[in-house]
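So that you can tell them apart, the chains are marked A, B, C, D, E, F, G, H, I and J in the order they are listed, and the count of residues begins at 1 in each.
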Amino acid sequence: MSSPTIETFPNPRPGREYEIAISCPEFTSVCPKTGLPDFGEIRITYVPDAYCIELKSLKYYIVEFRNRGIFFEHVTNQILDDLVAAVHPRRMEVVGDFAVRGGIKTVVTATYDARNA
Amino acid sequence: MSSPTIETFPNPRPGREYEIAISCPEFTSVCPKTGLPDFGEIRITYVPDAYCIELKSLKYYIVEFRNRGIFFEHVTNQILDDLVAAVHPRRMEVVGDFAVRGGIKTVVTATYDARNA
Amino acid sequence: MSSPTIETFPNPRPGREYEIAISCPEFTSVCPKTGLPDFGEIRITYVPDAYCIELKSLKYYIVEFRNRGIFFEHVTNQILDDLVAAVHPRRMEVVGDFAVRGGIKTVVTATYDARNA
Amino acid sequence: MSSPTIETFPNPRPGREYEIAISCPEFTSVCPKTGLPDFGEIRITYVPDAYCIELKSLKYYIVEFRNRGIFFEHVTNQILDDLVAAVHPRRMEVVGDFAVRGGIKTVVTATYDARNA
Amino acid sequence: MSSPTIETFPNPRPGREYEIAISCPEFTSVCPKTGLPDFGEIRITYVPDAYCIELKSLKYYIVEFRNRGIFFEHVTNQILDDLVAAVHPRRMEVVGDFAVRGGIKTVVTATYDARNA
Amino acid sequence: MSSPTIETFPNPRPGREYEIAISCPEFTSVCPKTGLPDFGEIRITYVPDAYCIELKSLKYYIVEFRNRGIFFEHVTNQILDDLVAAVHPRRMEVVGDFAVRGGIKTVVTATYDARNA
Amino acid sequence: MSSPTIETFPNPRPGREYEIAISCPEFTSVCPKTGLPDFGEIRITYVPDAYCIELKSLKYYIVEFRNRGIFFEHVTNQILDDLVAAVHPRRMEVVGDFAVRGGIKTVVTATYDARNA
Amino acid sequence: MSSPTIETFPNPRPGREYEIAISCPEFTSVCPKTGLPDFGEIRITYVPDAYCIELKSLKYYIVEFRNRGIFFEHVTNQILDDLVAAVHPRRMEVVGDFAVRGGIKTVVTATYDARNA
Amino acid sequence: MSSPTIETFPNPRPGREYEIAISCPEFTSVCPKTGLPDFGEIRITYVPDAYCIELKSLKYYIVEFRNRGIFFEHVTNQILDDLVAAVHPRRMEVVGDFAVRGGIKTVVTATYDARNA
Amino acid sequence: MSSPTIETFPNPRPGREYEIAISCPEFTSVCPKTGLPDFGEIRITYVPDAYCIELKSLKYYIVEFRNRGIFFEHVTNQILDDLVAAVHPRRMEVVGDFAVRGGIKTVVTATYDARNA
């Protein structure tokens, strides 16, 4: 019921549609072009169905990006894909809010809705 | 007409649909996994029907979580359930805005609408 | 056309639907339970019809609460009732944003719409 | 095509519906009751049709209020009327955000829509 | 598939409708009237279709305005036109947020939607 | 050992020179000229000798100014005099930070040092 | 004992060296070069000797600059001279904090000390 | 070399006089008068001599105040005494910055200097 | 008495030691290594002797850096040298506060004192 | 004249005592106890003598901590030692401002002065 790295626990109120917002301000990965580190904040908002995200496993999942070479647009979509696969939410939004590079700041926002999936 | 711990008083304008927003920045409970304290702010917004929440009893109700082991998702839904049972509002939202744990911040939002109950 | 204490003046553009927002950060009244002073900010937003609120008389009206024992929910609804009676607006919102008491902050919002009255 | 004091220039993209927001934080006029100066910020947002507001002439137009005795509600509606007459926008909003007087702050918002005119 | 100066790369998730927000706080051009420099921030938000904007080429594109004489309204519409031509987005918004000139601040917002184009 | 209205308790560490800073943001008095209320914040910083200020009695002491006609300069010096008489501190500073009147804001700061008294 | 326009009142605690800080955020004058208005905030801090500045007369004194053509450096020194002549303080500082002109902001600070005069 | 609850580790640069600042925003204790919880932030700044404070043990030490009835002045001095006994610093400052009670906020600052001890 | 590009005017109060602080947030030059633009804010604080800096000429002087290749440390010292040569101040400080490059922010501060020159 | 990793360039104004402040908000290392990443900001302020720090090499030097297990107190002192060895400044301060761990935030400040070395 969960991906290898993101653990879940049963939603304590499965009958109610409510929202959980999680922010991870300590995200870092590596730029595939320059090999230099990128920094950012990952923000996750979701309406759980049967399962919730276990926070300690989410932390370890986020840490795994530390030495991966990956672009901003890819990071954000990948996290959304992995979290949807792990907790099968009713709805989910992932925001990747990345630090300035070359005087330019980038924020990527991707969403999932089980009704459209 | 009220739960054992949350007292109420008659709504002074029962004929008007108006909103009351209450914030309790001094919430603390205990993490069931680690036994260490958690901290947060509970924000309650509601449209009263026949009764309003008496603030002093709300304070004592919030204090009762101080030594309880309970997860963030459970806290927020429990407070919504208890307040709905106590004051039978037309609508209510409870937000649990919890302090960072392991570099990750969590906000849980649960809502009630008497028209859907 | 005006209450005893709130004076009005003719709306300079009665044909246009426009909005006037007034904030009075220096509100104080007395808690009926403890006899101790309460503090807050009253914010009024309205669409005038034939009349506008004269600001000096509004100030004196607000000052009159200084020694009255009255609860937060009552204050906000009372001010809305008195202002509606005085200026017969198309629409009006009154927000009572009160200072922390016992570690808890309260904001009350009441609205009037002449189309529903 | 323009009022005596507000000059215009041709909209460089007349085929596109886009928005121009202008703020003038250095507005001052005179209170007609007391003869004392009032201060505020005028904010203008509009969708141009054939013409745009020339900013230097707008500055001189705003300066002309410096010695005029005029109430807040009148100022805001007057500026909207004059700008609409000068540039014939598709839509326009004028906000007069005035400094505290007698412990009370006032913000007046007036809008124009060519489809309703 | 791209304009001479703005390079693109294939959208890593072409099947998902998601948003990319880019801000360039280091924009400068020259006022055509006075010959003096203007400063501002360009903010771009878009939903990619087949292509994304390559950030390094965007930086060089923005730098090219440094010595051009051009008005605020024109800058914003020009950037939108060039970016739409380069990446053919589903939707795009460009905001030009310019520094105060003569005590007046200007923000121009232009949008594109492929469904209306 | 204390003035009629300000109570004290024995300093728990009389041998150490340490500082206590207290702020009372809910101060109000009456302007002797206009009869209208004044608002402000009183900030007290002191190094205790044998006694400390009991906070509940300080609150009641501050409340007593509510209906007194008194100028800003007098309020601040009076509070310093009364507190020095009550707790005989080694050093004390009282700041009266008052709300804007007639577009002008006033802050009065008075200090006491037992070595100079 | 006072200049024609700045009135004084006797210092209520002449034996104590204490500080009064006054800020006037609504200062405006006229640029002698361009004839266009300048805006700023005047901040006055002083230790009174026998007299204090009466605030209403200070307001009228500040208003008198409204139509005077005067440079920033002159304004600040002139106000210091006039206030010193009016209240004979032990020490005084006047800060003129002026709004941006041509993309450049200016703050002028002048001080007086009776011991050096 | 350390108190029962505060552990230490050897200073990695004992020959250099440098400063370590630690803030614990999640402090809570119990008011001895009312039995209700108090909240605050404890800030510790010190120049280590032979030992540094181990942070995990500091966290457990701070948690131990959770159910103790103790006044603000006592808390701050007690923490300073315990930390000085545990790490024998060259210099140390402890600030107890406590949440508003009865509309009044209190900050207590106590310092230690080995040269004066 | 002035450099070719920075004009001066006679100090209106040469007998008083007072301070003038000027900030120019719209500084841009070119990085000699990469040829890409740098951005920053130049802040100048000085005590005038016989002359003051004329602001319009200062603006043109700052604009001249727009196309010069020059490092941060050099910019700041160069501006200090040029301004000292132009106005012969009693004391002057120049701060160059430059925008982030490669995730690193730099601020350079250089001072002049005629007593040490 | 420089360490293996930190490059230098000749000070452009060796005769003047001036200050360079550099902040690196994107510092990350690994906690030696838990193996989990730590995050923080390194701030360096120095008065150069014959050499200045070359910023690109500083960036690579900071990046080298990414996979090192090292405590906060050690990081800050190590950076100070390495930078002093590389540029032989007249004076230098290094601040390590680290993100919250276990609800506790730490800032370490170490300084060097060539006159005391």
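Quick notes
Throughout what follows, contacts are C-beta pairs under 8 Å (C-beta built on N, C-alpha and C of every residue); 3 or more make two chains touch, one makes a residue touch a chain.
Everything numeric here is computed off the predicted structure, so don't read it as measured data.
Steps from chain B to chain G, taking the shortest chain of touch contacts, total 3. The interface formed by I-J recurs in A-B: of the pairs listed in A-J, A-B or C-H, only this one shares over half of its residue-numbered contact pairs with it. Two chain pairs, C-H and A-J, are weighed by contacting C-beta pairs, with A-J ahead.
Farthest from chain H, judged by the mean position of CA atoms in each chain, is D. If you average the Cα atoms of chain C and of chain D, the two centres end up 28 Å apart.
Here the CA centre of chain D is 32 Å from the CA centre of chain G. With centres set at the average Cα position, the gap from chain C to chain I is 52 Å. Across the assembly, chain J contributes 25-26, 39, 59, 99, 103 as residues in contact with two or more other chains. Here, these are the chain pairs in contact: A-B, A-E, A-I, A-J, B-C, B-H, B-J, C-D, C-F, C-H, D-E, D-F, D-G, E-G, E-I, F-G, F-H, G-I, H-J, I-J. Residues of chain C that touch chain H in their complex: 39, 99-100, 103. By the touch criterion given at the top, residues 71, 73-74, 76-77, 101-111 of chain G touch chain I in their complex. Residue ranges on chain C touching chain F, taken from their complex, read 25-26, 28, 36-37, 39, 59, 63, 66-67, 99. Residues 11-13, 16, 18-26, 48, 52, 55-56, 58-59 of chain C touch chain D in their complex.
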